[in-house]
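In the two complexes below, subunit A is the common chain; its partner is subunit B in one and subunit C in the other.
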Partner chain A sequence: MFAFDFMRQAFLAGTIVAIMGGFIGVFVIARGLSFITHTFSHIGFSGAAFAVFMGWNPFNGLLLFTTLSAVSVGQLGVKYFRRDASINVILSVFLGMGILFLALSTNQASFVSNILFGSVVGIGMKEVWKIAILSSIVFMCLIVGYRMLKFDSFDPVGAEAAGLPVRKISIGFLVLLSIAVAEAVQIVGALLVFTLMTIPASTARLITPSIFKMIICSILLSVASVWIGLTLGYYTDLPISFFITSIQGIFYISAILFHQLSR
Partner chain B sequence: MGYQLSLEDISVHLGNEQVLQDVSFTLNAGEFLGVIGPNGAGKSTLLKVILGIIKPNKGRITPQNKNSVIGYVPQSRPMDMGNTIAVKDFVSMGLPHSIRPWLTKKEKHMVNEIIALTQIGEFSHKSISELSGGQKQRVYLAQALARQPKIMLLDEPTSNLDPAAQEQVTSIVRDTSNKLGIGVIFISHDLNLVSQYADRILYLTKGNYAIGTVGEMMKSSVLSQLYGTKVEANADGNSFHISQSNQSEPISSYSYNGTE
Partner chain C sequence: MKKKVFYFLFTIIISVLLAGCSANNDNQSSRTDISVVAAEGFYGEIVEAVGGDLVEVMSIIDDPNIAPHDYEATPSVSKAVSKANLIVYNGAGYDDWMEKLWNASSNNENIKRIIVAPDLMGVQPGENVHVWYHPETMPKLANELAAQLSEIMPEKKDTFNRNASEFISSLQPLNTLIDRLKQSEPVLVDTSEPVFDYMLAALNFEVNNPDFELAIAEGTDPSPKDLAAVQSDIKEKRIAFFVNNIQSDSPIIQNLVMLTKENDVPVIEVTETNPKGKNYVRWITDLLKQMEKVMKEK
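Coming up: the complex of A and B.
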C-alpha cells in the first residue's frame, strides 16, 4: 500500500487533517458550532465552484469563501447566525450560487465529486504541504490561545465575567475553524466535514471529563478512523469517506455504551 | 491598608426607568456587604456597574481599572458542555490569563489551595454534571477565587439551594473573605442568612437605597418600612418573618443612610 505515492500522500494529508479536526472539534462541540461547521463546508463548496469558474485552484476559492464567511458570522454574532432561519437561508443561497458557478464552468464532473465526497487519494505533494502549513498555523493559534479559548468555550458566562475579550475570541476561533473546514473538505468532502469536526470530540466527551484528555482522545480517535478508513478503502476499493464515517459511528456508539456502563 | 472600592453618586437609567439613584458606599478589604431588596430593585445592575458591563449615567467608581481584581459569580450559569468537564479543570480556567497552555507548579499549588479553601476536594475529579446545587456553587466560587481577586461579587449564589447548602456556601464565602482579606458583595433574598454573615447591609429598591450595619438595618421597624410590609425580627435580630399584610409606608417614601 505504501509503495504508491498517492497512498503515502493520502496518509500524510489524512493524518494532519485528522489531528487538527480532533483538536479543534473539542471546541466546536463545546461552543455548539456543529451546524455552523456544516454551513461553512457548503459555503466552501460554493467557493470552490467559483474558483473553478474563474479558472483558479478550487482550494483557494474554498478557503476564501469559508474565511470571509467566518469573519462575517463573527461580526454578526454567532447567536444570530445560529438561528434555524439564518442557517437555512445562508445554506440555500450558497448552494444555489455553487450550482450556478458549476453551470457556467466547463470543467465540473470530477470537481463536484471531489468537493462533495472528498478526494484524499487524489491529493498531490503540493497540496499536502499546503495542508501542513495551514494546519500548523491553526495548531499554533489553538495552543497559544488555549487557555482563553477553553474558558470561553466551556464556561462562556464565567469567561465574560472574568473580562475575557469574548467577541475577539469568537471571531478568531471562527476564522481558524473556516481554515480547518477548507482543509477537511478535501479529505472527507463537503457533505461529511461534520464527521471529522464533531464525532471524535463528541466521543471523547463521553470518555473523559478532563479537557486535555478529551483533546488527546479526540485526536487519537480521529487519526485511527482515517488510517483504518484509508486502509480499508485501499483494499476494498470502496469509498474511504464511507469507512471513516462508519468507524467513527462505531466509536461513538461504543463510547455511549461505555458511558452508560460506567455510571 | 487593604483594597477599597468606592462608589460615589452612581445613577443608572435603563430605558425610562431609574434603576439606581445616587448610590454611594465604600467596600473595605475583608468586609462582607449583604445586598437585599425586592426583585427588579437593581441589585444585579449594581454588580454589572461595578464590573463595567453597564456604564452609569452619573457617578464615579474608584479605582477605575478594576477588572483584574474582581471575582464574579453570576446569578445563572447556562452550561451545556461545561457541565461535562472535570471540577479541577473548571476551577483552573479562572486562573489569570497566559499564553502558556499548561499550568506551572505554582498555579497547580494555587488551584489545590483554593480547592481546599472551598471544600471541594472530595469531588474535584468528578464532572460538574454529577454535583449537587450547593457543590456547584462552591465550584463557581472556587473558579472566581482562582483569579486572586481583591473583591468578590456574588449574585444570589444561594438561590435554589436547600437551607444547609445555603449556610455552607455563605459560611465558606465569609471564611474566605476573612482569611484572604477579600471585600464581598453578596446578593440574597434571605434576610436571616445575610444578617448572620454580613458586616453591613445595603437595601436597594428602584431609585432609593439604605445602608447600615446589621444591627441598624435588621430591626422590625426599619425592615417593615423598607419592604413596605410587616417584617418581624426576633429579640436578638437573627431571624425574620415577612408577613403578607401591607401595614407600613411604601418604600418610595423611605430615605435612610445608616452609618455612611
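Coming up: the complex of A and C.
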C-alpha cells in the first residue's frame, strides 16, 4: 500500500487534516458552528462563480467569499442564540449571489469550480506541504488564543462578564476557520473537511468532559478514521470518503450507546 | 473507562499500521506493453484503435450513468495512473481529477499527457467542454496519439501512424453524412443543454437559446424571458428541431418536450457520453441519421 506515492501522500495529508480538524472541531462544536463548516464550501462555490464572472482565478473568489461571509456572520451574531439565524441569512444571500453570477457569466462556471474540490487519492507532495504549513498556522493560532477561546467557547456568559473581547474572538475564530476550510477543501474535498471538523469533536464530547482530553480524543478518533478509511478504500477499491464518513458515524453512535450505558 | 477508550483507539491505529506495512506485494505484471489510461470510454476507444495490441488501455468512465464531472476517483484508478506511460483526458474542468491523480504521482515527468480540449482544440476552462462532438477532435487525437506513442516506442512508429490513418479513414462514412447534412443557410434549433453544440455548429445549425441551455447546464433556473422565448420558438415552429440531452432530466425540459409533441416539433435525443454498447462511430452515426430523418420529413 505504501509503495505508491499517492497512498503515502494521502496518509500524510489525511493525517494532517485529521489532526487539524480534530483540534479546531472541538471549538467548532462548542461554539455551535458545525453548520458553518458545511456552509463555507457552498459559499465557496458562489465565490468561484463570481471569480469566473470577473475572470479571476476561482480560488481567489472562494477565499474572498468565505472570508467575507465569516466576517459577516461574526458581525451579525456574536450571541450564541443568534448565530444560527446569522448563518442561515448569510448562506442564503451568498448562494443567491452565486446563482446571479452563474447567470451573468457566459462561461460554464460549474466545470471551472470542480478544480476547487480535491480528492484524497489525488494529493501531490506540493499539496502535502501546503496543508502542513496551513495546519501549523491554524495550530499556532489556536494555541496562542487557547485560553481566551476556551473560556469564550465553553462559558460565553462568563467570558463576556470577565470583559473578554468576545466580538473580536468570534470574528477572529470565524476567519481562521474560513481560511482553514477553504484551503483544506481544495486538497481533500468538501465532504471530508466537514466530517473531520465536526463528528470527532462531537464524539469526544460524549466521552469526556475535560476540554484538553476532548481535544486529544477528537484528534485520535479523527486520525483513526482516516487511517482505517484509507486502508479499507485501498483494499476494497470503494470511495475512501464513504469509509471515513461511515467510520465516523459508527464512532459517534457507539459513543452515544456508551454514554447511555454508563449513566 | 476512559483508559479503555484510549486502548481501543491505540489498538486500531497499530493494527492499521501493521496491515499497511505487511500487505504490500502488488504483483507487478511483467508486460512490455504501453499502458494508457483514458478518462472517458470514447477516448479510450481511439487509443485502442491507434495502439492496437501494443497498448493496454484502461478507460475509467465507460458507463453512461456516471457523469465524469461528478466522479470520485478510487485508489485503483490512482494506481493505474501512477503506472501509466500516457494518460488521455478531456480537461477544461470536465475531468480535472485526472490532473490531480497525475500530480499525485512523483514520477509524473515520465507520464505523458494528452489533454484533449485545451491542447488539441484550444478550449479553455469555462468554454463548452463537449469537444468530442466536434468532427475534428477525433482525427486530431488519433494523430497526436500516434506521435506520442511513437515517442514511447519509436520502433513501432510506422504501425502507430498506419493505425491512426486507418482510424481516420474509418470516419469517412461519418464525414460523408456530415457533408450531406450540412445546411446551406443557417437553420435555427433550440437545445436543452450545450452538449451537442459543436456538431450543430459544424452542420450550420444555429442555437437560438444560448442563455437557456447554459442555465440548465449550470443547474440554475433559466430566466422567465428565456423560457418564454423557447416556448414561442416551439409554438411558432421557428426551430427545425429541439435537441434534448436525455442523460439529465428536469421538469422544465420535460414540459418543453411535451410542448414539442403538441406542436409537432421534432426532438433529437442526444447523450453526453456514449450509450452502452455503442462505439464512437456508431453513436455519432445514429445521432446524425436521427437528424437526417427529421430533416427529410420537413
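Some notes on this structure:
FYI, the second predicted complex is superposed on the first by the 193 of 263 C-alpha atoms of A that agree within 3 Å, B and C clash if a C-alpha of one lies under 4 Å from a C-alpha of the other, contacts with A are read in each partner's own complex, and residues count from 1 in each chain.
Following the convention adopted for this analysis, contacts are C-beta pairs under 8 Å (C-beta built on N, C-alpha and C of every residue); 3 or more make two chains touch, one makes a residue touch a chain.
These numbers were taken from a predicted model, which means no experiment stands behind them.
Looking at the shared chain after the overlay, A:125 reaches subunit C, while subunit B stays out of its contact range.
Of the two partner chains, subunit B is the only one touched by A:32; subunit C is not.
When both complexes are overlaid on chain A, the residue A:52 reaches subunit C alone and has no touch with subunit B.
Legend: residue contacts after superposition of the two complexes on their common chain; A:155 is shown touching subunit B, with no touch to subunit C.
Greater residue coverage of subunit A by touch, when subunit B is weighed against subunit C, goes to C. Judged by the touch definition given at the top, the superposed model places A:99 against subunit C, while subunit B stays out of reach.
Contacts of A:249 after superposition: neither subunit B nor subunit C is touched. Look at A:163: by the touch rule set out above, it reaches subunit B but stays clear of subunit C.
By the touch rule above, subunit C contacts subunit A in their complex via residues 1-2, 5-6, 9, 12-13, 16-17, 19-21, 23-24, 26, 69, 72-79, 82, 92-94, 96-97, 100-101, 103-107, 125-129, 194, 214-215, 217-221, 223.
On subunit A, the positions that touch subunit B within their shared complex are 29-32, 143-148, 150-151, 153-155, 157-159, 161-164, 205, 209-212, 214. The residues of subunit B lying in touch with subunit A in their complex are 51-52, 67-68, 70, 72-74, 76-82, 84-86, 88-90, 93-95, 97-101, 126-127, 140, 143-144, 147. Within the complex formed with subunit C, the subunit A residues making contact are 1-7, 9-10, 52, 99, 102-103, 105-115, 118-119, 121-127, 189, 207-208, 213, 217, 220-221, 223-224, 227-228, 231, 233-235, 237-241, 262.
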